[in-house]
Each structure stands twice: as structure tokens, then as C-alpha cells.
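Here the chain labels run A, B, C, D, E and F in written order, and each chain numbers its own residues starting at 1.
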Amino acid sequence: MDSPPIVISASPHVHSERTSKKIMYDVVIALVPAFLVSLYVFGFNALITTSIAIISCLLFEYLIQKYLMKTEVTITDGSALLTGLLLAFNVPAGLPIWMIIVGSLVAIGIAKLSFGGLGFNVFNPALVGRVFLLVCFPVQMTLWPMAVVNNTTIADAVSGATTLGIIKEGLQFGGTMTELSAKLPSSVDMLLGITGGSLGEMSAIALLLGGLYLMIRKVISWHIPVTVLLTMAIMTGIFWSIDPEHYANPLIHLLSGGAILGAFFMATDMVTSPMTKKGMVIFAIGIGAITVIIRLYGAYPEGISFAILIMNAFVPLINSYFKPRRFGSKIKAKIM
Amino acid sequence: MSKKESTFLNMALSLIVITLVAGFSLGFVNNLTLAPKAEAKLAKKVNALKAVLPEFDNDLVSEVVRIKTTVAKDSVEVYPAFKSGKFVGAAVIGASEKGFSGLVKIMVGFKPDGSIQNIVVLEQKETPGLGTKMKEEKFLGQFRDKNPSDYNLKVSKDGGEVDALTGATISSRAFTEAAQSAYDEYMKIKDSLTKSNN
Amino acid sequence: MANTIDQKQNFLKGIVKENPIFVMLLGMCPTLGVTSSAFNGFGMGVATLFVLLMSNTVVSLVKSQIPSKVRIPAFIIIIASFVTIVEMVLEAFIPFLYEQLGIFIPLIVVNCLILGRAEAFASKNDLKSSVLDALGMGLGFVLALTVLGITREILGNGSIFDYKFVSEDANTFILFILPPGAFIALAYLSILFNKLTAKTA
Amino acid sequence: MNESILNSVLLLVSLGAVTALVLFVVSKKFYVYEDPLIAEVEDILPGANCAGCGSPGCKSFAEKLVATEDISDLFCPVGGNDVMKLVAETLGKEVAEKDPTVAVVRCQGSCEVRPKTTEYQGPKSCAISAMIYSGETDCQYGCLGDGDCVTACKFDAMFMDETTGLPIVITDKCTSCGMCVEACPRDIIEMRPKNKRDLKVYVGCLNEEKGGIAKKACSVACIGCSKCEDVCPKDAITMVNNLAYIDPEYCTLCRKCVPVCPTHSIIETNFPPPKVKKVVEKKVEADPSGEVKSVNLVKDA
Amino acid sequence: MDYIVILIAAVFVNNIVLSQFLGICPFLGVSNKISTSVGMAGAVMFVMTIATTATYLLHNYILLPAGLDYLRTITFILVIAALVQMVEIILKKVSPPLYQALGVFLPLITTNCAVLGVAILALGLENSSLLKAVFFAFSNSLGFGLALIVFASIREYLELANIPEGMKGVPINLLVAGLLSLAFLGFTGLV
Amino acid sequence: MLKTFSKGGIHPPENKLTSTKKIKRLAPPKVVYVPIAQHIGIPAEIIVDRKDKVEIGQVIAKSGGFVSSNIHSPVAGTVTKLDMVIDSSGYKKQCIVIRTDVKNETNFQEVDYPLKKEIDLEPAEIVKRISDFGIVGLGGATFPSHVKLNIKEDKKMDCLIINGVECEPYLTADHRLMLEKGEEIIVGIKILMKALHVHKAVIGIEDNKHDAVELFKRLTADEKEIQVAALQVKYPQGGEKQLISAILGREVPKNGLPMDVGVVVNNVGTIFAIYEAIQHNKPLIERVVTVTGKKLDNPSNFWVKIGTPIKDLIEEVGGMPEGTRKIINGGPMMGKAIKNTDVPVTKGTSGILIVDEDEACRGEVKNCIRCGECVNVCPMGLEPHLLMNLSEKGMYEKAAQEDIMTCIECGSCSYVCPSNRPLLDYIRFGKNITKNLASSKN
């Protein structure tokens, strides 16, 4: 027979256009505006940090899959690329290169491939990498380069503080918000991203733009990001309305730190978030609440990374309790 | 091999014998170690005192002065030291709750003029490798022979003169706060201390 | 009766083939809890070894006198006595280590390794085998704890047995002397151990 | 005596006494009986939990053994007669000896002799592909080649031969647990007596089609010609639905049937190399695809 | 307020399993199914609270007055062992299904260092009182239960994952515990 | 907003290439292969022998039980043999092979019966005739129709739903039938309403068949008891449970049947077959088949005799195009890929779809990224990713707890999976095992 044989397979025989690769690259595209802003603000450092993170993530995935696990190499599926990119977004621009490499190793080697690779990891790899670095190297990880508009140098980073850092330290040592407000960047600056912080987390507008793109492309649904931000706003709002001198207002909380990056890009990671909409809302409320608690009372000024990791751990539990309603069953009443 | 049957009598008997032997031997060992244990406990405190104070010859531990304050939860302990009846300084315990993981407790030895003789960290739960470096000479050394009246006990970031530990500003702040509180207490009761023994 | 090869086996199995930590997962709590430095791990290991040795000896001696119903309580009392002795001795003579190990000293009592060996081995075997078993298992435990301690200390603090081999200001992986590091280090060490033993076997 | 020592002795003794008393009372009050035999039998069983005996696990098999009066029908294929003897001794019951059996693959449809006519796309599992159609070849009785039996084998006693696309049993490792038989949607695996030196003679085909159609799908198929039936001196061979079957109970391993089969679909294993006999020689020449080779593989492995 | 601090500290900040390393054996052992882990958590909660009550009273009203506090370890473990065995015997009779579910792990509670550990730790509380000690034990058992159930749910999930051969079993469980503990580091400083 | 069902659903490209093609009557083939298992349930029993002469419409295999159906000779001719032939199940099955008598004129009559509106038969007789004349569900499931009409005493029926949804892409058989035989279908509906004693019937038609909706609205303008429901286009609206949910908003209970909510659903093709059986005494010996595919010269709709080999149909539309990789019996979502073109058309064959490399081959299977898309589209509220994993790892009991048996095998999950995972393959497999486990337990 010249022509290839007839194919037999079970139904369905057609398939949608969507592939996991396309989804991954959609997320990458959505991160581009924020990356451009950080290029503008941090200059060359942003480029170096990001490319090192991406390259080392891809490289580790390749090496570990090929030589340690001896399985098929899947670096082209875009997931390692995305992990690298997100890791870079979550560290200060200009972090020592070897630390970025360590972070990538932790993210890919420990958090992802140890569990069997894409889809099986319980915790968000990029965040595990980031938290690992944060715990190990708190100095470098909180050495925020000053936002210098149109920076093109690779000069030593000038250390600045993040909005949340200023508030945390200030309040702990008896300051009030009124005193501190002078030190804080304006909300417009925060919106645009002209402030200190991790490489990709500063520009609220650019991140929102990306988030919007993802929603339009139906890569993510509104449930997680909106609920996270809403929970944060409500909780900080309550504290603020009780004692505005010792609690920052909700707007500052939403625009500062990794709130938006976390809500739109980290918490929505499909692998490590719940399946059902109901589960997503619970998950997101948890993230919002834990973030606020850590920000207000914890030792770390920013808690969204931890909050997401903690809630990641709860995802299997959420998934087994919040099932989709089965067709034809009376409204729920099903546990486990 | 033969096992004893599980009758009530057997069970009770064997348990009683075992507890008997255990009780006896434990009591015995306790008697043996009672003295060394107390010594070891004392030695720890004395060692700390010795480290922070100039030479002294009075029994510091029994002459502790406890002062109720608002700064710390419990009373503050002050150990005045004398050498041949002459006041040579005092060790004051200072604490701060604002460490990275809560309580930081230090013992500060002051000379009669109020300058710091030495500091020893008694308790802390700071991050290993960062905040815990407060125990190291590099950090402690900068306080030696400084008089808080003209040496601003604050980290440089807050306008003081103390070089904070790298990566552990919060721990350093707690430390300086504890030192400051010790100093404040010391200044408050210094006069009564010197007088009391005269 | 057991010949020499068996006796050798009794001794050796605890170190590699039935290593209490890597293979049998006994006594995980102190393993993870006190191994933030090599010295602590070693100290804990030795303390456990002592208790294990003594309790195995005694259990093996008195085993035939104890009715089966009260076997476990009896064993526990025997073990607890030795633990208390260790506790008191440490407090009196090595207060530094006593403080470092803290609550994990009394907890040697509930180390599954000790009760497990007493139950599974010493209560069924003669004195000599029991002593050898205890020594082997104990050494395996010491070995595992020390290795874990060394690993964590090197990674987390840049030192071995408090000898610092990197500069004061060098960045070390502090995480490894924190709780999560204990789990993670042990996870990968046990893989390594399995790989190594699989090869030699 | 020192007071402290006395105190400590007193305290411990009284504590011990109280505990013992309480436990004694409670254990009397809440007594639940469990047959100690169950644990004993479970100790004897191999603990593979393979379910070859028909019970879900060794523990439940032990329970069954203890509960059943006559255990001669119960058999642990993994442990074999030795284990069953031990169990019987422990329980004081009789046990029937069973001939050891081993799994054989009754299909020789390698890629060469049985051409593929379609291509299957989907999960690599015989059970799943069998659900949607009769397989990539035109034979709807033979091996599907996706290795469900290999996956099912808990003892690493099977592997897929990459050149033929057929599974091979490593007889030394086979415990005769029957998992592969269960896993095969085509029922091409059969448990046959191991005999001495693992000598076996069996029909390596299950095709029930008429000769021509069967032969077209696979050149080594049994075409139902009955020649073997005719030569068999013991009437061990029966023809049902155009297919020969050698009943191991009557077969004396005389091998008369082997050379007469025109399509070489009768397999003999582990017999000494042929003593330059014409017919057998011809067989080797005629069939280079290697059903004899597979036997060698068994030996190697 | 003290009680809230105790609760939060025990459940989140100084979680008994994830940062104190107590009760690791049952944590790794009885966590392959959510349902069993719930049972185990319940059993530990029960035993831990009762045991701490008993040991606290024993310590403060017998050992201390008699100057026998060096017998702390041995008396505590005796009391706990007896208590657990009692629970076991009673459970076997009263609720066979629960007994089946917890199976061999009930005796493990005896050698669960969490129970003894908490009993000892409860003595060292600031301004301690019986109520506080018991509440402390209860909070810790809550922390244990939380960690156990979350861990069990993750393990159940991982049962369906393709864990690499070498990582299967203990290593992956330890790794999950490690990452869980890493995530819980975020609570540092809450109290 | 048009009505649709409540949970899940997908929108595959419609590709209705033949919706404007009138149904052509195909000349009877020289030889027909009539399988005896053309319906769900027990196969029919052959009652003819080799060399028997048979008339058109003569019963050649008798119903083998309650859930079974008669089979009639589609042609007049001679039985040449009783043979095993591969049918769309992929396996060789028993077939009656009949050579068409080319001289017998009845084989070539263009039967276009005049419209007959009066219904003479009583309900019981209607059901009996439906059973005798071998009517089965023509939507694809081939469930014997008389079984559906045997309503248990305790169930109260109140509505008949006519399935004119045809949600499968490519297929247009029902669409064309509705356009060309609208009035007959209305009569058919009335027949069934009479048989069921119900006074309400709703015809559900997806809005992409606008002409059919219009036509039926016009035809039912005077009929109080018959309504037309235009529905949003969404797959799998043709599933009974989904259709009931879309039209009436009722959810058939888990593990229940439509009759549990007082509804009987029938396909328009079935209705037409019933019409012909009741009014014109014609057994089910032919059906409408869409022969389609993007590469075909002339995709069309045909009236085809049951038993016609598929190759005859392909000849008729211009022959097998180059590069064909897959031949599907049915639509692309639920149809079955067949091994060769000798497979005969059966009562369940609603279409033949010929696809080439691009459409035929499955993409590379990747790891599940837990995007939850399968959960979102599942019309039954299941978690396909979980069910697949469970049956892959052999955890069937857990799968049964997760309601694997309620899966309707619509394939929506496999369709959307961005990682090309064979979700339905495994779920179907798991269902099979679970079913066997359950039956072995009883």
C-alpha cells in the first residue's frame, strides 16, 4: 500500500484549536507590557535578570529531564520558559546572577520535575524558587534598585525601599501613616510602575493590561484575580477605616507589592489552582486574607508569595470538596 | 523460649518489679547528678555575668535587684558588681519584643560611668544565619566601651551609629532597643545601687 | 544458634540495608528536629545509640520474665529510665548540648526506633544478637543524623562541625537550617542513599 | 535510704500499679476476639497481594483459608505447593497438590507474518483498543501488541519483543498468578503445566476463521486442517471452530503433531535441538520469523 | 488575647509538625487518605488533650511538690501509654470501623512524640494554668490535624501524578512536607 | 436569548457542507449485507437460510427479546450466504448477505407515498407495529423504539420531545429530512402523541437550521399541542438529557431516564420512520445518510438501503479522495472510525465522513495542565481529567464514586483538551470495567 493506512481511533475525531503551548505563550505575551515597563525603569539589569532566569530554567529542565529522569524533554511546551519569566518578575532586577540560577534550579528541579513535571506539581514553581531565594538571601532579595527612568546602565543598584517595606518598618517603630506618607510614592507612580520593587511587579497598569488580555483570550477567568484583590481591599479597608494612622489605605495595598502580579499571574496558574469556579473563589479569598494578615502582622512586608504557596497546598483539599454539580443531582450534598 | 503467662498476678508483679528497679536507679542517678546540674545552671549565668562585667568578687546571683518596669513584661533584673566593696559596674538584662521572630533578650554590662563593658545575648529566636549573627564579635564589638549618652544606640538607617547586621535590620533594631532599655533602667537605679553597698 | 556470619549481619544490617532513617523511617522527629548542625546531629545520635544499646540489652535479658500483655508498658518504662538518665547526665555535664537538643532528649523515649527494636528484635533474640543489633541500628542512626547534619550545616551555614570554610559574609542557603530545609535535605539524601545502596547491592 | 530515692520508687510503683489495674479492667470489659490463626497464616503467605488466588489480598486470603473447612480448592499460585503445605500444617487441614503452571502466549502473529492494515491512534492499551475495533491487523483473535499483560505482570516475568511486537514470558520468573490472563482482552494467554524442564507443546493461534481467511490475515495461523488431530495418538487434540486445541491433560509431549502442521502454528518449547530430522529442519527454514528464537530468548532471560 | 496567640502560634506559626518536627511518624504514615487522616487527627486531638490534662495535673500536684520533677519523662510516658491503650481497647469495642481505619496506627500514638512533646511543652508556658495548658494542647492538635489533612489531600492528589521512579514514596512525601513548611514560613512573626 | 442546556457544552466548527443538498435516492446495490445486530440490545435471530428468496420488507431476522428488534430485507432477492462481516464496531459480526434481484421491479420503485393524515390505529397497535416494523432510534443510539413507548404504570408522561437538533458537525440528514418531509413528520408526531397519551410535543431545532425552524413554525401554526423550540447552537444538545434540560428546564435525575421527568424523546428520523410504518406499512429498510467530507467532490445526502456497503456511497460522491486517513461512520464527535469501506450501512448510520491527514490524526499527548476546561465543558458536571486518571491507574471504585457511569460519551472533554489527552478513551474504558465490576457483584 502506498498511501499510509487508514487510521482508527475512538471518538471524538475533531479537536479544538487550543493547545497547552498556545496557552503558555498567551501568558508570556500578557507579561510583555510589564516587562517593557521594567526595561524602561530598570534598564539593562531587567534584561539580564530575565534572560538568565529563562535560560537557566530551560537549561535545567533539559538537563534534568535528559540525564537524571531520562524521559522525554519537554522544554518546547513553554512552561519552563514561563516559569523562568515569572521567577524573574518576582525578584529584584540585578539580583546576582548565581542566585537567579539557584532560584531556577529550585523552581524547576525541586518544585516541578521532582513531582513528575508539568501538571503534577503541587506548588507554583516560580514562587517556590522565589520564596527559597527570599528565605536564603533576604539581603539581596530586598535590595530594590531605585527606579530610575530610562536607565541604561549596568551600574550597581542603588538600594531603595518598596512601598510596603517603608510602611512596615515605619509602623513597627512607632510611625504613623501621616508621617510616612511623605516617603511613599504617589499612586500615579505606583500605577505606572515608577517605584521600587521586584522586576515585574511595579506597574499596575501594564499588569492589568496583561491580565485583561488573558481574560479575553479565556486563559484565565475573573474569579481568582478579582476575588483576591477584592478580599484584600475589603480587609485592608476595614482596618484602615478603624485606624487610618496605623493602617495603610486599601489603594496602597492593592497597588503596592506583588498584589496584582500575584493575583493575575501567579495565583491563576492552572496547575496549582482549583478546577471549579467555586473552588477558585475560596482559594482566592484564602490568598487575599493570608496576604493581608502577613502584610499587617507578619515579619515579611509582602506576603502574597507565601499566601499563594499556602493556598496551593490547600488546592487538592478544595478540589475534593468543591466538585462541579453533577447533572441531575439535587444541589450538592456530596463530600469527598 | 518460655514466656510468662499473662495472669493478673504476673502482670502486676513484673510491672512492679520493673518500676521498682527503675525508680530506684533513677532516684540514685538523680542524687548523683543533682549537684552538677545546679552547678551547670549557675555556671551559665555566672559565665554571662563574667563576660559582661569587669572583675568582681561579690555573689552576684544572690544580690540581684529586680525592678518592675513598663518596658518589659517581667521585672528587669539588675546585677550590681563590687570588687572589694567598691562598685565596679552592673549587668542589666534588656529585652525587646520586636525581633524578627519575637523576643530578643540580652545582658548588658555597664561600667559605673554608664559606658558599656560588654554585651551577651541570652535569648533570641532570630533567623539562623542572619539575625543570629548578633552573637558574633563583629556586631557586639561595636558597642564595647561606648557610652549610650553620647553614642546613639540606633541603627545607622534610623540615624544612629550602629552598623546593622546585613539582612537583619529588624533583628539589629530589636537588639539596640533592648540595649537602650537596659541602659535606661541602669541610669534610673544606678545611684541606688552604688549607695546600697556603701 | 546464630553463627558469626549471622552476628555480623545483625550488626551490619542497621547501617546500610535496614538503615533506620533512610530505609525504615524510624525516629524521624529528632532526625529532622536537631540536625541543623553536624554536631547536634551527632550528639543526638550518640544519645539515642546509648539508650538503644542499654534498652536492647536489658529487654533481651528480662524478656522471658515479662508477660506479653504488659510487654509494651514494661519496655517503655525501661526505655524511659535510660532516657531520664541520659537527660540528667547531659544536663549536668554537657549543658551546652542539653540546651541545643532541648525537648528532643525526653522525646528519645518515643523514638519509634528504640521501642521498635525492643519489640521486634530484642524481645525475640539473645543478648549478643540484641547488643549487636542495637549497635548496628544505633550507628546507622548516628550516621544518618550526622550526614544530614553535615549536609544541612554545609549548605545552610557554610561550615562543618562549626568550622566555617566560607567567609563570614558569604551567602549560604539559610533555608537548610530552617525547618523546610530539614525535609528537603532528607528527601534528596534518601534518594541518594537509595541510589548508592541499589548500586552496591 | 535516701528519701528522694524512696519517693521516686514509691511514685513509680504506685503509678505502675494503677496503670496495670486500669488496663486490666478495661481490657476485660471491652474484650474483642480475633483468631490468632489469621495472623499466623498471613505470615506464611508470600505477601505479594497479587490477587492470583482470587482474594483481594493476602490478608483476606488468610481469613478465607481460616474460615473455609476444605481448603483443597484454594491455592496460592505465587507460593505454590510449599506454601500451601505450610498453611495446611498450620491449620491442620488437607491440601491438594497442584501441578505448577506457567503462562504461554498463544499467538505468533509477528509484524512479518501478520501485516498491519490499519493504524491505531489512542492510548497504548490492548483493553482500550479492543473496545473500539479488532486491531491493526486483519486477525481479530490474535495479540493486539500494546502490552497490557506486561503491565499487569507484577513479577517482571513478561516483556514485549520489539521486533515481533509480541509479549514473551520469562518462564523462570512466572509465578502463574494469572494476572496476564486476566489482562488480555483477547484471551491469548493460557496457563499450561510447566512439566519437566518446562517442556510444552501447544497451538500458537486462536484464529477461528476458515482456513483461507485466517491464512490471509496471518501466515502462521491455524487453518483448521485437522492434520494434527489425525496424528495425535492420545486424542489430545480437538478441533473447535476451525481451531485446534491441545489438551495438556492428555498430551504426552510426543510432538507428532508439530511437524505435520502446514502453517507451523504448533509451538514446542525447550526440547533438545532437533537431531537432524528432515521435517524439523524444513520448519526452521520455512519460518525465519522466529517462533523458535523466542524460545531461546526465554532461556537467555 | 493570650489564647488567640496560643492558637495562632500553635496552628500556623510554630506548627507542631511543620516547624517543631513533632509527630512526623504518623504524619508520614497515616496520611495516604483524607478519610484516615481525619480519623487520626481526631484520635490525636482526643489523646493529646486528655494526656496533657493528666500530665499537667500529675506534674503540678504530685511531681513538683514531691521534688520529683526529674521523673517527668518516665511518668508522662507511662500515663500516655496507658491512656492510649485504653482508648484503643475501648475503640475496638465501640467503633470497629474507626478502629479498622486507624489500624496499626493507634499504638503509634503512644510513640507519637507529638503527644509527649506537647505535654512537656505545655509545662513551659508563660503564666501557665491548667486551662491554658489544655488549650495549648488542643491548639497543637488542631495544628497537627490541619497539617495532616492538608498533607493527606496532597498525597491523594499525587497518587494520580507520574512521580519519577526515584522520588516515589518517602522522598516525595518529605519534599511536599518541606515545601509546605516553606510556605508556612510566611507566617513568621505573626505572634 | 435562545434556550439551551444548563451545563457545559462546546462549539465545534459546524461544517454542514450538505445542508442545501436534496436527498437523492440511491439505486439498490447488487449485494446487501444486513447485520443482525443493528440496534442496542439482543441481536435478532436469523429466520432465513441460504438460497431463500426474499421479498422487499420481508422479516429476515426476528427480534431476540424485549430489547431487540426485527430486521427486514431491504431488497427483493436471494440470500446467498450467512457470513461474518466487519461492521462499524470494528469486529466481524453475523450478516445476512442478499443478492438483489435486478429483475424484480419493486427494487427500483421510487416510493413517494402520498401524505396520509388520518391515524387509524389505536395506541397499543401503534406500539406493536413500531416493534414489528423494526423501528429503532435513528439518531445514532439505535435504541429499539417500542421499548421507549412502553411506559411503566407509575410514570406520568406529559411531553414528547422531537429531536431535530442534529448537533453533530457535518451531518445534515435530519436537517434535510425535516425540510423535505415536514408534513409527514408532523403526522408522525401526532401518531406518537396518541400512542403516549400526551398532549404536548416540542420540536427542538438548533438555530443554525433556520429554514427548518421557519418551516415547522409555519406547519405548526394551527397546532396547539405542538410547539417549535429554536435552540442555541451548542454541542451536545442532541443528547436526550441535554435536550430536555434545554427545552423544558428539567434535569433527568442521576442514573435516571427521561421518563422519570415525564418525557419521551425521539429523533425526527425515527418519527418519519414511524410515520411510514404506521401510515404506509413500510418497515425500516432505508434511511437518510449524509456522505460528506471536505475533500469529497460532491458531498450529498442519500436515501440508502440498509446493508449497502459504504464503498457504494463513496463511489456515488465521486470516489475516495487522495490522502484519506479516516472513514467515520457517524459524525465527527461520536461517530466510529471504520476499518474499511466494506462495512455496510445500518439503521444507526446517520452519516459517512471522510477525512484526511489534517483532521484524522490526533495530536501529541502532553501532560495535563489542569486548566479545568474539560470540567467546564462537561455537560454532565463530571471531572473528566479525574475520571481519566482514575481509570488509567485502575482505581475504578473511586471512579464509580465520582459518577463515571453518568458520562454520556459526548467527547466534549477530549475535544477541548489543550494537551490532546485521550480523556474519553479512558473514561469509556473505565465505564466498561465499572459496569463489569458492578454486574459481577450482583
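One rule holds for everything that comes next: a residue touches a chain if its C-beta (ideal position, glycine included) is under 8 Å from a C-beta of that chain, and two chains touch if they have at least 3 such contacts.
Labels paired with UniProt names: A = Ion-translocating oxidoreductase complex subunit D; B = Ion-translocating oxidoreductase complex subunit G; C = Ion-translocating oxidoreductase complex subunit E; D = Ion-translocating oxidoreductase complex subunit B; E = Ion-translocating oxidoreductase complex subunit A; F = Ion-translocating oxidoreductase complex subunit C.
As the structure is a prediction and not an experimental result, all values here were calculated from the model.
Between chain C and chain E, the least number of touch steps comes to 1. Looking at chain A and chain C, the chains in contact with each of them are B, D, E.
The chain pair with the larger count of C-beta pairs in contact, out of D-F and B-E, is D-F.
Taking each chain's centre as the average of its CA atoms, chain A and chain F sit 49 Å apart.
Annotation: 52 Å between the Cα-based centres of chain A and chain D. Separating the centre of chain C from that of chain F, both taken as means of CA atoms, is a distance of 69 Å. Centre-to-centre, using mean CA coordinates, chain C is 44 Å away from chain D. For chain E, the set of residues that touch two or more other chains comprises 70-71, 74, 78, 81-82, 85, 162, 167, 171-172, 175, 179, 182, 185, 188-189.
The set of chain F residues that touch two or more partner chains comprises 90, 336-337, 339-340, 361-362, 367, 422, 425, 428.
Those residues of chain C in touch with two or more other chains are numbered 69-70, 73, 77, 80-81, 84, 88, 172, 174-175, 178, 180, 184. Taken together, the chains touch in the following pairs: A-B, A-C, A-D, A-E, A-F, B-C, B-D, B-E, C-D, C-E, D-E, D-F, E-F.
Touching chain A in their complex are the following residues of chain B: 98, 100-101, 127, 130, 158, 166-170, 173.
By the touch criterion stated above, chain D contacts chain C in their complex at residues 12, 16, 19-20, 23, 27. Chain contact summary for the complex, chain E toward chain F: residues 159-160, 162. Contact residues of chain E toward chain B in the complex are 70-71, 74, 188-189, 191. The touching residues of chain A, when paired with chain E in their complex, are 69, 71, 110-111, 113-117, 119-120, 122-123, 128, 131-132, 135, 290, 293-294, 297-300, 303, 305-307, 309-310, 312-317, 319-320, 336.
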